[in-house]
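First comes the structure, then the notes that go with it.
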């Protein structure tokens, strides 16, 4: 009797999780398992999309795939530079807004706009800006006499990567900013007052109060950004398509091509699995190195 | 010092807004003016031609409706499912809760490209390709971990005694959720709804892949097919008008719901 | 809540499929209205077969992906495929196209350009019926150039002589995309080189000829071609050329129609692409045709349309209104015959898209910076061999 | 109205801790029982088990002669006033009061009539349109009370309802509650950690510690005959003096004096004397260590031969030393190990019916 009641209660309990569970199963659990299975199969044009057992050969191919390494390199460059810039800009601006106090909220609203806009659509805008003939960037630089002739930003690997990073920083630094502003607001005012009574300067306030309190917020924002930037797709796909010379092709973009253009589902699965594994590793490492220390009791 | 800070903040604001403002102005210029070198700043001959063209020559109205329908429904479905789950989660033992939270975290950080193809297979199996539900369900699910996470944090703050009071008052478990917990969690649910709406509105990869009929596209995918990335004629004016038309709802949302969006973002970012 | 309810109702009755009974086809943007006109004509003759034309994005690889995605979805997204030459092998290998070999009449078989027919075939069966053909060629300003160039050296020399601060020497398509492959192939063939043998799957990209070809292209950048040429596609180069800002332009026949309504209308002529002294000129074969989707439930109706749209009269309309060169021998205008004769097919392999990507990436990489031409082609050759070997 | 019977109730939490152990209690119809104990003693758990919000791991709850197992809170017909009041923040006071009746599908007019009646009784008529966050602590408390009263339930459960009020208000509300209980003639189970509340409101008080009932009885019994040192020190203010001392044949030796407890026992015992039972009169000499002014009276910390004793006196001692007198019948003797009152253990039959 009591046992039966327990079962009924467990069923009722499960009911609460059912809608979420179904959605997550369909869109996370099954797809991940399916990808795992696919990565051990050849399912491609050559096999007529019929699954053929491949063993580890997809992964073997990956080891010697220079394009994979290239895309990994491009991804790493993109992630490190853009997240670093976003962090520096976000922190500087968060501290600056704190100085301004009253008008801070208004600026925060304005700065939230870039973050809210769809990347795929904004990428079109940037593509226009960087156009060598009609682009605003060249127009401005020409007028300021910084350059003599129009520069084809998206036609050179370095400047194309720089353009992508610029666009990403533009869009994503407000996120870092907002998290850090929240962090600054959470610092008890008394801390500063105590330090002031003790004769601390602005630098001391930053060094002994702001920074230590802000660290967990910084870590959260940076880890979020690193992981998101690692999976970057929209921006690169629309802005450069991976070019020129494949120098801006990130792993997500390469994987997308492998699936939808080359129709190589087995190999594509191996690719995305490696991406997911890598991200898990990075996420876990960052988490244990930086965040776990701050979790309990904070 | 203060002056320098002001100038710095001002410059950053300019840099954040200029692309959008520039685009807004450009969308009002005639095609001839846009092709002029060097470019003009303010529209010399003001025209709404590009906007008209957007809605007449292109199925932009359809993109718009699709985006609205898909984003609203996925946000609604997501918040509803996340609301139910997070309520129970907030009331379950800490060990279970933190185990679930960590797995949600892992899912929230999952690169969407990993899921793209298998999800496509499922959508295909259910015959939802080119159907709004082919995007609504994946979007709701993709944002579910984030929404659950955000809501659980909030639900934990709702006093348990309220639910006990409601139970004594005569409410069953679901009625407690519907009449007491959900109304109280409304602020967080609104934040979650707005954020999921924005994420869905902005999603590109799934929209591009799952919706291959013109009439089924959402704004992001529709715009990309108008775009120069795929284009030979490069219709700058049309693009500028498209960018403006598809982003204005979001810009308005930022101004109206700034506080809610920030609350959701920071809660989502800081919790645990 | 009302809003959600409204959205819900809309979501259920939103159009996710073709209008009942219409055959659908994904086309290029119909700027001139010619396709619409031809379809209207077909519908008039066959009132029981309405055609729904979807105007796709202008970029061909985007349309290729759209077709692929719709075929992958299993249901017949499209009944008729408006098909590029280079898609045929891939789509046929994937089993998405219907074998049309036995439906072609002997008369048609003789009339269609042999390269176009071959480009529409996979493993000896015809899947795609050509509608018009395309081949790369060299436009030049006849008011400036005394005798059109024949060799690469001629081109370079004349370009250097005739360019000035307002005008570049030579325009070509250097962005990393399919256009770059076609340009590079013309240079490669012009030097006597080869890319891939479709039958043996041999790769020749690391040959001396290939290096020469790439070095030639690289040398033009910043000397006779604008530095931004590595970001140009067809339309960028056409607009510049039409504005009188270049002497030579490598492009397709469609430019011929448009250039005659531009500021330089009476100052332009064309010749086949230049080549190395001992070699002969080559053009990359382009062109589009129509195929019937394997998943279509109305094959006979679809075939009727394909047969109609590739008919003689329709091809004439396409040439007149869009400047598209008919793919029937009997209709090719005399001035284009020398060019069409030089046209060569890109390898008809299912992995074409990927092979082309490899080529584009390495050629583009070499053109825009490191590595050197020889190394880039070596890498490209290795990757291509790996691809063609691995695909089993 | 109804009776409540608890039979051997035990509650073990999932982490293994025992919140309640074999608690048995019978609350008669229309009886006001207070459950007194320090925080964490399990008293709230006991209340929640009666309400059906928590479930015992052993034992049974009977309400009005029927077993309550498996009956959800909403069907037990009990009303509860929570420590935090647990008013629904998103509803106004009227809706807070009316919710239960609405759920019972009581006709609208009757709901309205009963809300007005209750509001009138509690003098909260002008608050009905307000949301809880607009009210003061005392007003919220009244609304919470009203929400329970309006239902006319079988049993009222109170979970420290006064603990969030300031001292002055607490006293006033306590007084009103006492009147209210007299008026409504209801079965009330009232949990508190405040001995004054527990003893003033109750017909009977149950002292709970560490999940075990220490003693149950009328306030007088608890005061006069505490069953053990816990009850002895918990009831009465200021707290009872408890010292370890040697008894020799029932004679207690403090300083130079001997007091005969009338018991026949020898050994070390814990001896309890209430501060108010010690009189300043000729007797044991003691030194004054500290004097606290309690307003009406004075609390003196005196030392008899180094042993500290708290003494309640009417006047401030004139000198540094004084003399103390203790009546032998005011001396409580507890077992040192178990803490049991040796005297009341003998009379236990009289205390536990």
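Read from first to last, the chains carry the letters A, B, C and D; within each, the first residue is number 1.
The definition used in the following text is that a contact is a pair of C-beta atoms (placed from the backbone, for glycine too) under 8 Å apart; a residue touches a chain by one contact, two chains touch by 3 or more.
Given the structure is predicted, the values throughout are model-derived calculations rather than measurements.
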Partner chains shared by chain A and chain D (touch criterion as defined above): B
Pair joined by the larger number of C-beta contacts - B-D, A-B: A-B
Remotest chain, chain C as reference, centres from CA atoms: D
Closest chain to the centre of mass proxy, which here is the mean CA position: B
Chain B and chain D, separation of their C-alpha mean positions in angstrom: 56
Rounded Å distance between chain A and chain B, as computed from the means of their C-alpha atoms: 16
Where chain A and chain C are represented by their mean Cα positions, the distance between them in whole Å: 36
Length of the line joining the C-alpha centres of chain C and chain D, rounded to whole Å: 91
Residue numbers of chain D (touch at least two other chains): none
For chain A, residues contacting two or more additional chains: 133, 241, 260
Residues within chain C bordering two or more other chains: 69, 72
Pairs of chains found to touch, sorted by chain label: A-B, A-C, B-C, B-D
Chain B-facing residues of chain D, complex: 14, 48, 51-53, 72-74, 76, 78-80, 82-84, 86-90, 99-100, 103-104, 147, 157
Residues on chain B engaged by chain A in the complex (per definition of touch): 1-2, 5-6, 8-9, 12-13, 15-17, 19-20, 22-23, 34-35, 37-39, 77-78, 80-82, 84-85, 87-88, 106-107, 109-119, 121-122, 137-138, 140-142, 144-145, 148, 173, 198, 201-202, 204-205, 209, 219-221, 223-224, 227-229, 236, 239-240, 242-243, 246-247, 250-251, 253-255, 258, 261-262, 265-266, 269-270, 272
Contact set on chain A toward chain C in their complex: 44-46, 48-49, 61, 64-67, 132-133, 149-152, 154-158, 241-247, 249, 257, 260-264
Complex interface listing, chain C residues touching chain B: 3-4, 7-8, 10-11, 14-18, 29, 31, 54-59, 62, 66, 69-70, 72-75, 77, 233-235
Interfacial residue positions of chain A with respect to chain B in the complex: 12-13, 16-17, 19-21, 23-24, 26-28, 30-32, 34-35, 38, 89, 92-93, 96-97, 99-100, 105, 107-114, 116-129, 131, 133-134, 136, 139, 142-143, 170, 174-175, 178-179, 182-183, 217, 220-221, 224, 227, 230-231, 233-234, 237-239, 241, 251-252, 255-256, 259-260, 265, 268-269, 272-273, 275-276, 279-280, 283, 295
